[in-house]
Structure formats: C-alpha cells, structure tokens
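Letters are used for the chains, namely A, B and C, taken in the order the chains are written, and counting of residues starts over at 1 for each.
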C-alpha cells in the first residue's frame, strides 16, 4: 500500500469519538458574523452596509484581486454592523454581522435535493462559477480554488487528486462526507477533471477509513464514474499535506519552491471542496456552509454538523457540552489546529472541525535539553533539520535558517510531536519561516524597484 | 661539539630565512588601515550592541573616520560627551542628539488586564505573537515573556513578576534600541531623557475603540481626547483612538495626567499636580502609578 | 479548581516519548550483559558498576548544583547510562578509586564542560575510559583478578596479536556466552546482541550504525584473511566481531545520540569509519583493541559529517 516517501509519524487517530455520528443540519444561527478574510490572499471588500437587507447566498464581500475570494451571506436578514470583531485567536478582523430574519435564499440557487450529474460547461465557465462562489480549499489551507484550477499555459495537468486522507487525528468531517455524500464528491471530481482537462482522477483515502473506501468504490461502480479511482493509502501523518499526498499517489515529488504541484501534473482538491464545487457549478450555490466535526474525548456529546459560516463557536461548544476543568479548544485537529481563545469567534471556511482537549491531554511536557537524537530529522516529511532550524530561529540567524530551507516547512508538527525532550521546535521554526518569508518578499520588492 | 654547532646554525638559518619570507609576505599583503580607527574604537563603549545601526563598534569607528559628515552617526550608548570628544579628535562636527531612554508603553498589569487564557507554548513573546493575541484579550499589550529583557545587553530591563510587565531602569538604559526591535508588539519607544529620569508618556498602544479597550484592560487609553484638550503646548495628539505625547513638545506640566480617566498617562519620578480629589478610579490609578515607580 | 482555557501553538499533542524513557531503555538493554558478566566474573562486577553509576550521578549533581548553580538534570538518567557504560569498559578487578576518577573525568570533562547532555562532542564514558587507559595502564589491563574460571592473563585480542593463541584454537561458542577475558561489559556477545535487538525494537537506535560498524569489520576481516585462505576466511572476521569491545562499541557506545551523526547516510559513513579504524588499530596498531579510539576519533568527525550529510530534502533527487 502506498504512502509518502520520507518522515511522518503515527499518532493515534482518535476518530472513534465522532466517526459514527451522522451529519446533522445545525439550526440556523440568529446572528452570523462573517469575516471578510477567510482565505489566503487579499481580504475582500464588504459590499453591504449597516441596515442592508441580504438574502442567503448574496454577495457581501467582493474579492480584491486574483488571489482572493468572494464572501456570501450565509443567512438572510439585516446587516447590523460592518466592523472589527475578534477571530478565534482574539485578533480583530473586519466582519459583516447579519441578524437573521427568516430563511430567504437568492432565487437562482437550486435548492432541490435531486442530484444533478450532467455538466456541459466549458472549463473557463466552470472556473468562473467557482470563483463567483468564493470557494477556497476546505481542508484547512483556505487557498482560493479558482487559482488552483487555473492551469498555467506552459503547464499541463495530468491527474486530479481528491484528498480524502484526513490524516489529522480526531477530525471526521471529510470521512462523513465520503460516507454520506459520495455522489456529490464524485460529480464534483468530474467537474474538476473537466475544468483542468484530464481524464483521470484518484481519490486518496487512508486505510483507517475502510468503509469510506468501500462506499466510494461502490458508488463509482454503480453510477459508472469513468476515470475515477479510489486509492487506499497507508495511514501516516501528514499524508494529507498536498505534496505528501501527490508523492503517495503518483510517486513523484514536487520540487522545492517556487515549483507548484502542477509542475508534476497534479491538481489536488479536498473532498469537501469537491462537494462545494459540485454545489456551485450544478446548483449555483455559493460556499456558505460546510461539515464541521465537534469532537474530543471529554465532550458530553460529539457531532458532525452541517453549519453555516458565521455561526459562533460557542454555539457548537454549548451543544456538545464542554468538560469541567481545564480545556484547550482547537480550530482544526490537534496537530495543526489553532488554539481558540475567543469563543465568540465565527465558524470560517477553513475550519473542518472543533477539537476539545482536556488540559491534561494538551499540556506540554517539561522542556529538557536537546540530546541530538535526530528523531525530528527522521520525522520531518520535508527532509529538513528541525532541531537546527529551531535553534537558528531562536538565535535569530535568519540567513542561515534560509540556507537550510526553513520556508519549506509545512508546519505539520511532526518534529515537536516526536521530540523526547519536549522542545517546542515548531514554535520557533514558525517564527523563522515567517521572518525569512518576510525577508524574501522584501528583497523581491527591492529588486523590482 | 660540531653537532651542537650544526644544530644551532641550522635553526638560526631557518629562523632567518623564515623571518625574511614572513616580512615579504606581510609587505605584500599589507592592508592600509587608518590608525585613527583603532583610536576611535577605543573611545567607543565597545558594547557592540548595534544601537548606532552598524554591525559593531569597529564598523562604527570606520564610518566615523571615513565619512566627512558625521552628523548622522551617533552612538546612543556613549552619549553626547563622548561623541563630541570623538568629533574633536577627528576634527569634525559632532552630531547633536538629546539623550534618550527606552520607554515601555503598556500599563496593563495583571490586575488591570486580567489573563483570560493560559499560554502553554514556548516562552517567547515572538512565538505568542505568531498565532494569537496573548493571555489577556488585548492585542496591543505587553505579552510578558521577556524577549526584550533577553535582547537588552545592559541589564536595564526587568520583568516584574507581580505586574507581569517589563520595567526600564533609566540609569542603565543606553537607548541602543535593541528592545525596540525585539518587542513584537512595538511597545518600546526611545523618548527624550529628562533630568532626574523624569518621564511622562501614554502607557498604551491600543488602537481599538474605547469600549473594546476597556473590556480587556482598565488601564488602557480609550481615546477620549481629554488630555489633548487640556495640553497647553499642543503636544498630545489622538490618532486611531490612541493618545500620543510628543516628547519634543511636552514640557512636563502634567495637566493631562489628572485628566486621564483610566490612568493611562504614566509619570515617573514626579509628583502629580495637586488638584481637588478625583473620583475613585483615578485614586486607584494613582496608587498604581506609585506602585509602579 | 479554577478552569483555565489553554492556548499554545500547534501541535497540541505529543508522542509521549521522553528522554528518561530512552535512557531507561538503554539501561534495560545493558542489563543482560551485566548479568552475564556477574555470572562469569563474580559479584565484583556489580560493585564496580554500582560505584561507577553512583559517582557519575553524584558528580553530575554536584557540578550542576554547586559549580554551574543551575537546574540539576540527574533525573534524565543519562548519568546512570554514562556510569554503566564506563563500568562496562573497565576490567572487573580494577580498584574502586580508579573508577571514581574515571567517573569524574567522564562527567566533569567529557560532559559538563561542554554544556551537559546533548552538547558533548565525545562520548563521556569513552572519555573516562581513555583517560584511565592512559593514566592507569597497568590497572586498566590487569586481567588477572576477577576473571572467568580457567582463564587468566591477557585478553584474547592481545593473545592473538602476540601470536600466543592461534585463531583456529578459539572456541567461538564459549565466546558468545561470555567465557573469555575482557572488560566487564564486552564479554557475553549474545547478551549484547539481545540488548541491541531490544533497542532496535524500541526504536531507540536505528540499524545504521551497528550494521555499518560490524559490516565494515566483517568485510575488512575477510579481505585481510583472503591471502591465508581456508578456515581463516571465516575465523578472522568472526573472531574480530566477537572479541573485545566490538559489539559493545557498535551497539551501545557508537550509537550515543549527541556524538553520532543525525542522518542515516551520515551514520553509515560514521560507522564505516569506526569499523575501519578499529580493524586498523587492532591489526597494525600498538594497542590490541581499537574500538574506543576509533569511536573517539569518529566522534570528532561527527560535526563535519553532519555538515556534509544533510537529510534528503523533499522534492530533490540527490543532495549530499
């Protein structure tokens, strides 16, 4: 069974807490706070003002550039504020607040439950629709999908890879989508194949989800989806990383930056994104909701919700019943998720789950000195030297960190996870990466002048 | 006897030959260096702190010697006197700068700005700043893990465990600016150094609206503008809901201190202006200010 | 209890492996060899090991507590490992005070002067042993007290080197079981191999260093024995692998984390270097045994190996 070539770890997948919970449609929130930045790139411009009436699916944030994404109203009602509010990390971001009145949708959105498979649109029309719908990578990276699907003229796509790996422990939203909404994923995959002009697609799924693999295969056979294949992958974190997944599926390694996945002919898309693409292209439905896992060992109940963006995080925690005592709330899973410190923060596009760890589970061990065991070097899926990068960043030797390719770090956390001395390796590497990227950008800007 | 002589002779000859070789090599690769560079370097403090903007004291002395106009070169550590003597030595005009001192502009003590979460990562302000606002809800305040303390070469900064804030020892501070660079929140400012280490400044950097500030911190500037109105010298400006006292215009009259409803304007080594008793929060902040000093 | 909301950068979970655990595993892996030595050589083995461990831990504590005035880290068990390994490199009959001096050198000079655990360029136990070997050559090569039944005098390596024993006379089966003369820990090949397998299974070490060291010795032995032909072709390499400190060195000493390279490729270069140097010293050097020196020399080369053997970056074909 295939997997990616170097590094990686095997954390306990902890999927059992929520994997058997069917997707529930969360009741509409009374108020939705919709951030104007839920993607990588330039923040969107609000195109509504206080007092405006909006319908569900109406454009409220216009993208401001090529790498940017539209934002739509996720509920219908009145705009009560366009102002800065804290996100999950307490940082204040521009948000549009909508107070809900009923549930009225934009008329062009097809809300019938029937599955619509046939798509005759031209590739550029598909990509336009995806851009209009404000679709971004729903696996967590939040990279605008229309940019990803626009293959440059000098490159050629050969294969579409649909990411159903969900290697992050705890999270089960992709899994539930694969089990319950396989048709949408497969039609979405067909649309992506059409958009980038390839005839073959592979859905990579880790072997800890045998029923998802079986179900997808069954639907492919039953409904005759041509050129789509399900590939079971050997469970290993971070298989869901784009480069790792491409290497696992094709055996080809994407060269170091600035090369993109397309340089080895691959276009990668998450299963949840495939669903969003299906809905946008076939049903005219912009990206206004997603499946979110609310999971954790100590929660009173765990769920997989289909929820609208802008729903307050506290709503999810109320419904699931936070445990007593110390907790750590995560937007995402325990390996790459971000700590949530403000529960008034809204659900955003990139949030595939809310994980709750008890203080005990999350507490960091006491730091000892580095014993040079090289476990971080063996675990690094990018073939870097985390112990060295961390030290260089701590000593602020940015140039040397750049020489040692700190920018290639994908922040998967394998190094900190394996370190027997409990060193916060990634904490410092992240500073190094951010500083070096800033330096590189500054140099590029200076060269342009 | 012969053997002894031979040994001595061989070694002497070898020494002589090598000395000649060394001499020629040294001549060949000789680099001319202005001897004054060494002298100037000796006059500089030798802290190699980079406060002047150069890589170290050597680089600074090279610049001082080689440049005709040294008005823009200034060693904050050495101060005006040393700079004047260096300028006299080199026969150039001394740069004029008023002495400065680093000022930490956050008054959000643990009491005024309670922690709302428990940070458990690497103990570094820069790390905290990579992913969230910090343990209090304030996105602008002191994080309190002492990156500046580590950056200060002169031991002028200490982290007060009780308040959770960093304090500057004005006597030890050389205004090298290392803390200004180290603080990810940009809390430090090099301000004019008054006699007897007197100081007055707005101890807040929050650009949030007053309502947002007061939700997370009772000592923050809410941008009410009362201070700006009362200032007779026009030294105070309010921008983005944040007051700023221009150190060049301020005359230390302290009228603004009594006006500030949150006690965000800090004074050091000075008494407040006598005035009719103020309502409770100001008295409290007075105690606070006194405690801080 | 007050409820706190934790916050930290990712990752939020840890694999659970700790330094103490790794050290504990190493200690556990050394126990079989210790038992074999005790069985073969008598109770003095335990006494000397005890003295070595106790003095290493004590010196580490004293230096950290009173000279460096810092946090003491004896809890990480690394001093215990150093002590045990030091003892394994000494003859059982050695006076106890020499052991204490060895421990002082191992911890004081070998480890603490460089900044403690993880910063030492040379294996501390080896530093101690080499110091003792040079300072107390008589006691360090006194193989006449506390020896296995029926054996006294020099080690097999020395005997073979001196021509006193022919390779064909050696009983390899009893060598495996520890019936030979030598330092406390280096006899009992089977027990050492068992410990090595345990370490591999626990993923404390990888196969690269031991295999590179032993493989090189094996190949070198075969090459050297080729002209002689016949039985020597298997006797020479087998003898060199089982005799002296080859197994102890390859499995336990050379794999010390801080003094060995970080990448697998580097580990192989390092291992090959150790194997070659050991054989060269054993066959043509002044000392009968060369494992300690070989490891020591390659320790010095480790930073260089680390510099040139970077891990293979994702997406690149070959990067040295």
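Here is the rule we go by: a residue touches a chain if its C-beta (ideal position, glycine included) is under 8 Å from a C-beta of that chain, and two chains touch if they have at least 3 such contacts.
Every value quoted in this text rests on a predicted model; they were computed, and no experiment measured them.
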Ask   = If you average the Cα atoms per chain, which one ends up farthest from subunit A?
value = C
Task = Name the two chains that are joined by the greatest number of C-beta pairs in contact.
result = A-C
Task = Round to the nearest whole Å and give the separation of the Cα centres of subunit A and subunit C.
result = 48
Ask   = Counting in whole Å, what is the centre-to-centre distance of subunit A and subunit B, each centre being its mean C-alpha position?
value = 42
Note = dist(centroid_CA(subunit B), centroid_CA(subunit C)) in Å evaluates to 51
Message = Touching at least two other chains at once: which residues of subunit B meet that condition?
response = 116-118, 120-122, 127, 130-132
Key: Interface hub residues of subunit A, defined as touching at least two other chains   = 326, 328, 338-339, 341, 362-364, 424, 427, 430
Remark   = Touching two or more other chains in subunit C are residues 4-9
Key: subunit C residues touching subunit B - in the complex, by the definition given at the top   = 4-9
Key: Residues on subunit C engaged by subunit A in the complex (per definition of touch)   = 1, 3-15, 17-19, 21-22, 73, 76, 78, 116-119, 206, 257-258, 261-264, 310-316
Inquiry  = Residue numbers of subunit A touching subunit B in their complex, please.
reply    = 84, 86, 89-92, 326, 328, 338-339, 341-342, 362-364, 394, 424, 427-428, 430-431, 434
Key: Of subunit B, residues touching subunit A in the complex   = 116-118, 120-122, 124, 126-127, 130-134, 137, 139, 208, 212
Query = Quick one: in the complex, what on subunit A touches subunit C?
reply = 5-6, 9, 11, 169, 243, 247, 253-256, 259, 324-330, 332, 334-339, 341, 357, 359, 361-365, 368-375, 377-378, 380-385, 387, 405, 408, 411-413, 416-422, 424, 426-427, 430
